[in-house]
Structure formats: structure tokens, C-alpha cells
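Two complexes follow with subunit A in common, the first pairing it with subunit B and the second with subunit C.
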Partner chain A sequence: MDLRKVFEHTTYAVNRRLLAYTITIIVMSIITSLMLLFPGYGTPIDVWISGQLTIVSIIFKILIALQISRIAREITSGEIQLYLAHTLTRSEYVLSMLLASWFTPTLILVSSYIVTFTIAAPNLVISGELLKPLIHLVPDLLFIASITLFFASRGREGIATTIGAALPILLPLSLSIAFSGYMNTSHPVYTQIFYVFTIVLGLMTPYTYNLLYVNYQNISYPLQGNLSKLANPTLNTLASLALSIAIITLTFVLFKKKDL
Partner chain B sequence: MFRALLITLTISVLILLGVLVYGAMKPIVISSGDLGQSISMQNPGPLAIALVNNKVCFLYIYDVSFSSMPGGLQQPYQSLSDLYYQEIRDRRLTFNIYGSAVGNLTNSSVAIRILEVNTVAALELQRIIKEELDRSNLSKYHPIVTDEGFTRIVGYAEQKSLHIYNKCNVIELPWSRMVVKISFPNGTTRNFIFIEPLFICNATSIPQQGNTHVVELCFDKDLKITPIISGNLTSIGEVVEKAINASHFNDYSTLKTVDLYLRNPIMNIILRYSYLLMLKPRLEHILRALAFLTIFTGFTVIHYRFRPYEYTFIARFARRLRQRIYRR
Partner chain C sequence: MVEFREVSKKFGKVEALKNISFTIPEKTVTAFLGPNGAGKTTSMKLVMGFLKPTKGVVFVWGEEPWRSEGVRSRIGYLPERPVYPMDIAVENFLNHLAKLKKLSKIDVNRVIRLVGLENLVDRKIGTLSRGYIQRVGIAQSLLGDPELLILDEPTANLDPSARREIIELLKTLHKELKVSMIISSHIIPELQEIANYAVIINSGIALEYGYLNDLWRKYEIEAIFIIKTVDVEAAARILIDKSYVHYVKKVSNSLEVSIDPEHYKSFENLLTELSGLIKNYTFKTASLGDLYEKVVKSGSQESV
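Presenting the complex of A and B:
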């Protein structure tokens, strides 16, 4: 694999997507700047960051999904043949698209966030308080990217776009319901069902899982004991990362064999 | 990739800088209020009563806590960022005391002082009061102390006071004038005009650490007062003397009557807490944003030097703009 070629194609793909990234960062910056205005009386810092980051992460997940789904369009339109004819191998192509559509937006989000908070509250950045939610957010973005990439590389633009646009909203919502159900139900059968849903959905959105876990940890609950049976957020994030890497590997393998 | 990163970061910092500059020019009022709280229901009776020279003095202690209010007892707002510092303007606690008396009440016949002390001093004051009550042993039922004891208590409060407020006015409200027909046992009736002026004393303070207000209320010994519920006109000095004697002789009937008189000099206390909470960015944040903007612009220029072909869109945009201007 020629990394220089990968870098050049990534740069080319990113430059084609620059307008989308610019608009997203403007929206994100406005949200961040305005949310910094509002004082969160009594709200713990990690919860306050999470609220802001949740909105921004949904926007970025949709952006990532839409950008990755463009691979499917390049496959169906035959544009991909131009890249693969002389310059890139299939692996290089998929890797560069992943870098352009997942890595770059993630890098933009993380660096912009760190810069904004270095201006706003440097102590928070130095203490690492700000970095905690980002540790869970990056694998979360990767999971959406991997799922969308899987379908996009199969040439299924419709499925990739639909799933990519719906999952960022549906996953946190479903996980919140499952988590709440698990924490509020004492019936053994329902508890078991909600437990399975929480674990499965938690793997798909580690950031939301961590957010809910921390929230339920902070409040006193009659069924607080249930929380200890769930996986630790860090462990869940690592499992989610492994799952995403497995999906991406499968995508690479299948894409190599795909008849274009 | 680097171009996208540099451009987006520059935009991000630029937007933040814009919001900061706007905030610096126009501070944002995020919250303001005028919160009133009446503590008449919990209005505790006097902690000490004494005959001091020609006056009857009452001593009250009110612990004012506004823990839930911005800038109140709570710790300074723990913001996620120190980007906007909180500035509380016009923050004040107005402590109004409303009292009642009957008869020819003038500014000279009633004197009120409010002494603001900290919590530690208030606790010590309560200990001194207890000590003086034990030492005086004037009444088993009312907190009556000797004049020396009272002077000691007030002296301590004065010594520890952060502020002393003397601003008291005697106000006669229209509705406080009452005509009451009283029948006498011999069958005659007479109309009595009860003038019930209110005295209002207020203190305006800044509730920084929680204010404990020590209220010293003194009436002329000969001033006639009446309880709100019912009762005859009696001079306040006489009431105190009766309370002492009744306690010694276990005269419960008299005690019951004087109790009403001694509880009522202060009708109500109304606290008003007003504030204006403003947010303003600090200069250091604007400078920090400017520094980041300079760094990212610098890096963009360096990147342009190395890969000028990635920035053709700027030349294209400038050309289009030039053409448009030229056409006009």
C-alpha cells in the first residue's frame, strides 16, 4: 500500500468535500459559542459538555455518513474506475475514502473542540476533563462510518444514506429507552430483554452509553444495583472499537472481491 | 486534508472571536429578578427584652439565607468555561421591618437598628443572650434580661457588626386608622380612635456570606401598644413589669395577656433580593482567540507556500469578484 498515494487521494477527496465541512464547522462553532454563554447552574461539567457534544456529534455523524455514502455513487456511476485504473489499488481507495470521510471530520471536530475550549477554559483541557467524552465519541463516529462504509462499498447508496442519516438519531434514542427500561424495571424477563438491548445498542453508540452510564451513576436510584451488571463504559467503548475495526476489515475483504 | 483542517479551525476561532467581541461590546443579561420573601410566618419572638433607661428594647436575630439565588449563599457559579465572567449588578437584600403600635407614635418614640453580623458572631451572640438570661433570672416565660445584660449583648453585636443601619421611618397608612366602639361594664359605650401607624425600618445589604441581621427595637417606656388580636391599651413598660411580676407569682392569667403584647411589636419582615446577572467575556479570552487566529492564518500561509494549487479557489473567487466589480 502506497501511503503517499493514499494521502494525495485523501486530500483530493477532502477538498471536494470542503464546502460541507465548512458549513458543518460554522454550525458547530455557532452552537458551541452560544452554548458557552448559558450557565448550567448546578450541572456537573461532564454532563454539561455531553449535552453540547451530543448535538454536535449527531451533526458530524450525519455528515460522515453522507460523505461515505458518496462511495456508492462513485461505484454506480463508474467514477471509481478512473481512480482504480492506474493510480490506486482497491484497498488504497477505501482507506483514502475512510480517511477523507471519517478521519478528517473527526480530526476537525476534535481539534476545533480542543481549540475552542483552550480559549474558553484552558484548565479544563489541561486537567483532561474535556478529553474524557472525546475518548468515547471517536469510536462512536467510527461505528457510524464503518456501517455506512460497508453498505456504500457494496454500491448501496440508498441504504448507506438512509442508515447513515437515521442511526445518529435513532441509536441514542433507542439506547436511552432501553437503558431507562433496564434501570426502572424489576420484572426479571423485561430486565433481561432491556439488558440485551442496552448491551447491543451500547456497542453501536459508546458515547451515548457512557453518557447514560455516568448519569445513572450520579443519581440515586432504587434499582441502582442493575448498573453494576452492565459493562463498564471504557470496556464497552473498546468492544465497539473492535466491532468497527471488524466491520471495516470485512468491508476491505469484500470490496477486494467485488465485481465492479 | 491540512487545508480543510486549517480553514475549518480558522473559521471556528473566527466565529468564537466574533461572539466574544460582540459580548464585550454588549454584555448579556442572563438573569435578573426581584425576589420577595416574607418571613412573618417563621417570625421568631424576641430573643431578649429589657428595660433600658426609659425604653423597652427587644432584640431579634434573623438568619437570612438565599442559597438558591444567583450570588447568594451558594459558591460562585461553577461555569464550564471562564469565558464569560459573571457580573452581578445591583445585587441587594432589602430587609424591611413592619411593626405596629397604637397612640401617638413618632420617629422619636421608636428606634430601630439593624446590625449585620456574620454567622459566627450570631452564634456567639445567642450564647451571650442565654448566659444573660440565666444570670438575670427575671422571668421563667419571657426572655427578659437586665439593662446591663442587654447593653452587653448589644455591645457585642455592635463590636462585631459589618454594617449598622439606622434608617427607620414611621409611616401612618390610611387603613391603620380604626374606630372601635368599646362597651364598659357600667353600660356606657365610647368610640376609641386607634391610630395604628406602622414603623418601617429597612436595611440594604449585599448577601455575600449569608446575612444575619440583629434587630434592636426600642420603644419609649410610656408608649401604649396593643396586640393585633385584641387587648387593652397598655404602656409597654408596664407590660414588661407585669411579665416579670406574673412570672414570680405564677399569675398565668396575666402571663397570657402580656404574652400577646410582647410577641407583637414586629408584625412582619419582608426580604427583597434583587439582582442583575450579566455575562461578559474577559479580555484574556479575546487575546487568546486572536493568538489562535494568528497561528492558524500563519499555518495556512505556510501551507499555501508548499501547496499553492490547493488554493486556486481563492484566486478563482477573487477573479469572479473582480469581474463583477469591473462589470458594474
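Presenting the complex of A and C:
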């Protein structure tokens, strides 16, 4: 793989596509920075702040999904043939599109975390305490990117766009219901069902899983569900990361054999 | 240069190519002939490695383009449909493709000049006419001086004057760059002006392939020359004496001479010998169309 060509095509794709979303990205980054100032100056993260940060992450996920789903259009229109005809390999093409559509927005979001915390609480940045949410946020964005990339690389723009736009909203919502159901139900069958859903959906949105897990950890009144039976958020995030990497690897393998 | 060895390609239940075999040698301009849906685009995509054969093997310079993606660096490709990004300026688009091939801006400027796009480099591709978009396509296919140009319907959907311009451009390119070409078209007379080799394909089957001179002889296609001379009468007297000349007709100040295609070369030698008498000559014949019809007819008779 020629990384120079990957970088070249990534830059081209970012300039062409992502710049159209510049205003959205700037506004979202500002909201993120403002929300992060509170914990940066010592205010604990409450539901309102975490809600705002979740909304920002959802918008970023939708943005990433929409960008990636356009790969399908390049495949079906035949535009991809032009790039491949000029020595870009199939793997280099997919990698550059992934970098342009996932890595660049993610880098911007991560930067807004780092910059804000560096200004507000440099000591906590050095200790790594305030950057903990990023450990879950980046794999969360990667999961949406990987699943959208899989369908987009098959030339299924409709499915990729629908899934990419729906999952960022449906996953946190469904996981909240499943998590809440698990923690607040005593019926053994329902508890079992909610448990399975929480585990599965948790893999798909590790950022939300972490938020819910931490929130339930801080609840003082007695709950029906046993939090310790659920996967630790870090373990869940690692499993989610492994799942995303597996989906991306499968995408690369299948794309090498795809008729264009 | 290109070899198809018993290649089949299926898309679902549709069999686009059926056990097709042919070769295309180096330094040829190949007319890839066949009606719409014959399998021309599928064959070209197989040469580019965009498709994987369902059965058989495609070789390009001894390598399978499907497996060796590096083969594409030696090929320039013009796709059938105008699939260019419409929201980008001509120069930016060509610069990007050039960077992928590690080419400089000088190379980009050269192809821009070659195809006559100098005054339109800042325009977005979407604002250009179909003829100029096709020039952008040809420009990108020429980047990096490819050894082989694959042009899929280069004149499709163009008006007659734009078609003429593109054909003239291709003729110039072949003359100046000596590049091999595979050109598909279902408009046969256009290709006649530049092609010296043909692959005739119909319903996914290769009916015939070879040098046009050989195919004309094989299918007994009449060859017609238009000759401009300083003395029409004298030239006519010399030419009519030749046993392989079918007829000599005076057309305004020129002669129209029909010959047996087997004597094509010796007739050309004769015209060279008569350079004092002959001002110039052009090969004007409907033979490619005739050839196509004869090949298709004999192909369908064989299949019956």
C-alpha cells in the first residue's frame, strides 16, 4: 500500500466533501468546548452536559455516515474507475475514504476536547482523567463508520445512508431503554432479555454504554439489576473496537473481489 | 498485448461474455465493434481489472489485471459514461489524478494543450459542454503517457461536429504519440479512419478478430481509393491496366479506384512509384461496415 497516494486521495476527498460541512463541524466543536468547560473547571458532569455531548456525538456520527455512504455513489456512477485507472488500488481507495470520512471529523472532535481541557484543566489532562470519555467516543464513531462503510462499499447507498442516519439516534435510545430495563426490572425473563440487548447494543455504542454505566454507578437508591454482571465499560469498548476492526477487514476483503 | 482466453462473465443470470477468446497485438489501433449490449464495455472493464472473469483468463502484457493492479499504470482509460466529478475545476481534477501517478504540473499542462482545453482549465467540469467533457476524459486518459489507450465509446452522445473533433483528435494522438488504442463504438464508419485491427463481438461472442487488411481479404471486401492526380486521363490509363483493379471512375478532378483487397499493398506501392503523377490519395471505403455485416451474417449462419 502506497501511503503517499492514500494521503493524496484523502486530502482530495476532504477538500471536496467535508468542507461543505465546515459550519456544522465548527458549531459542534464550539458546543463541545463550552460543555467541556464545566467539568474542566470542576463542575461534575450532569445529565444536561452529558446530554449535550451525546447530541454532538450523534451529529458527528450522522455526518460521518453520510460522508461514507457517498462511496456507494462513486461506485455505482463509475467515478471510482477514474481513480483506480490512475494507479490507486482498491485498498488504498477504501482506506483513503475511511480516513477522509471518519478520521478527519474524529480528529476535529478529539482536538476540541484536548484544546478545551488543556486550557481549563491542564493538570487533569496530564493525569488523563478528563480525556477518559474519548476512549469510548472514538471507537463509538468508528463503529458507525465501519458499518456504513461495509454497505457503502457494496454499492448500497440507500442502505448505507439509512443505517448511517438512523443508528446514531436509535442505538443510544435503544441502549438507554435496555439498560434502564435491566437495572429496574425484577422479572427474571425480562431481566435476561434486557441483559442481552444491553450487551449487544453496548458493543455498538460504547460511548453511550459508558455514560449509562457511570450514571447507574452513581445512583444511591437500590436497583433491581446487578451492574457488576454487565461488562466493564473499558472491556465493552475494547470489544466494540475489535468488532469494528473485524467489519472493516471484511469490507476490505470483499471490496477486493467486487465487480466495479 | 491483450489476450482473452476462453473468458466468460456473468452478472447474476445474464451472461455478458460467453467463452470469448481473442488477442490484440502491440502498436495497433483496434476497433472494438458490436451493437449495444454486445459485451464491449464488459471486455474493456476486464482489461482494466475492474471486473473479475467468471471463467477463463484475461492477460494484459502477460499479467492478469484482476490480480496485478499495477498493470493499470500503463493504461489510459476513458469510461463509457461521463463519470467525472462535476463540482471540480478541470485543472484541479487533472492535477489530483496526476499526483496519484506521481506526475508534475508540466505533464498536466501538456495534456491540456494536447486536447485543446487551455482556456477552460478554471471552469468546473459540470459547466462544460458534452464535447469538452469528453476532452477532459481524453486528457485524463493521456496522463502519464500510457502505452495503451482504452476508449469506451469516445463519441457517444455527442453531436456530429463534436464527434468529428474527437475523431480528429484521436487521429492526431495516434500519429504524434504512437500509442496503441482499443476503441469501442457502435458507429462503425468513425473507427474506419483510425483502426488497423478489429475485434467483432456480438451477444457476448467474439465473431472475428485480426488485422483489417487480412479481414478484408478473408471476407472479400472491396477496397476503394480516392486519388488526386495532375493528369486524370494518364493516371486512369495506367491504373485500369492492372488485373486487380475492378474499376476506375472519374469523380470531379479525382479518380475513384476499386481494387481487389488482396492487392492492397501492391496498389499502394504502385501509387508511390507514380508519385510524379499522383498528388495524393486517401483510402475511402465502407469496408469496415461491410466487414462487420459480413462477419455478423456468417456468424449467425454458423450458429444456425
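Quick note on the criterion: the second predicted complex is superposed on the first by the 227 of 260 C-alpha atoms of A that agree within 3 Å, B and C clash if a C-alpha of one lies under 4 Å from a C-alpha of the other, contacts with A are read in each partner's own complex, and residues count from 1 in each chain.
The definition used in the following text is that a contact is a pair of C-beta atoms (placed from the backbone, for glycine too) under 8 Å apart; a residue touches a chain by one contact, two chains touch by 3 or more.
On a predicted model such as this, the values are computed, not experimentally measured, just so you know.
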*Of the partners subunit B and subunit C, which touch A:Thr32 in the superposed model: first, second, both, neither?*
first
*Can A:Ile193 be said to touch subunit B (first), subunit C (second), both, or neither?*
neither
_After the superposition on A, what does A:Thr10 contact: first (subunit B), second (subunit C), both or neither?_
first
*More subunit A residues in contact - subunit B or subunit C*: B
*asked:* Quick check on the superposed pair: does A:Ile135 touch subunit B, subunit C, both, or neither? Answer first, second, both or neither.
replied: neither
*Give one of first, second, both or neither to describe whether A:Lys257 is in contact with subunit B, with subunit C, with both, or with none.*
second
*Once the shared chain is lined up, is A:Leu107 touching subunit B (first), subunit C (second), both, or neither of them?*
first
*Once the two structures are fitted together, what part of subunit A is touched by subunit B and by subunit C alike?*
none
*How about subunit A: which of its residues touch subunit C in the complex?*
5, 8-9, 12, 16, 77-79, 81-90, 257, 259-260
*Flag every residue of subunit B that touches subunit A in the complex, lowest number first.*
1-5, 7-9, 11-13, 15-16, 19, 23, 28, 30, 70, 77-84, 86, 279, 285, 288-289, 292, 310
*Note which residues of subunit C are touching subunit A in the complex, please.*
11, 45, 48-52, 69-70, 72-73, 75-77, 79, 81, 83-85, 87-88, 96-97, 99-101, 140-141, 143-144
*If you look only at subunit A, which of its residues touch subunit B in the complex?*
7, 10-11, 14-15, 17-18, 21-22, 25-26, 28-30, 32-34, 36-41, 45, 48-49, 99-100, 104, 107-108, 111-112, 115-124
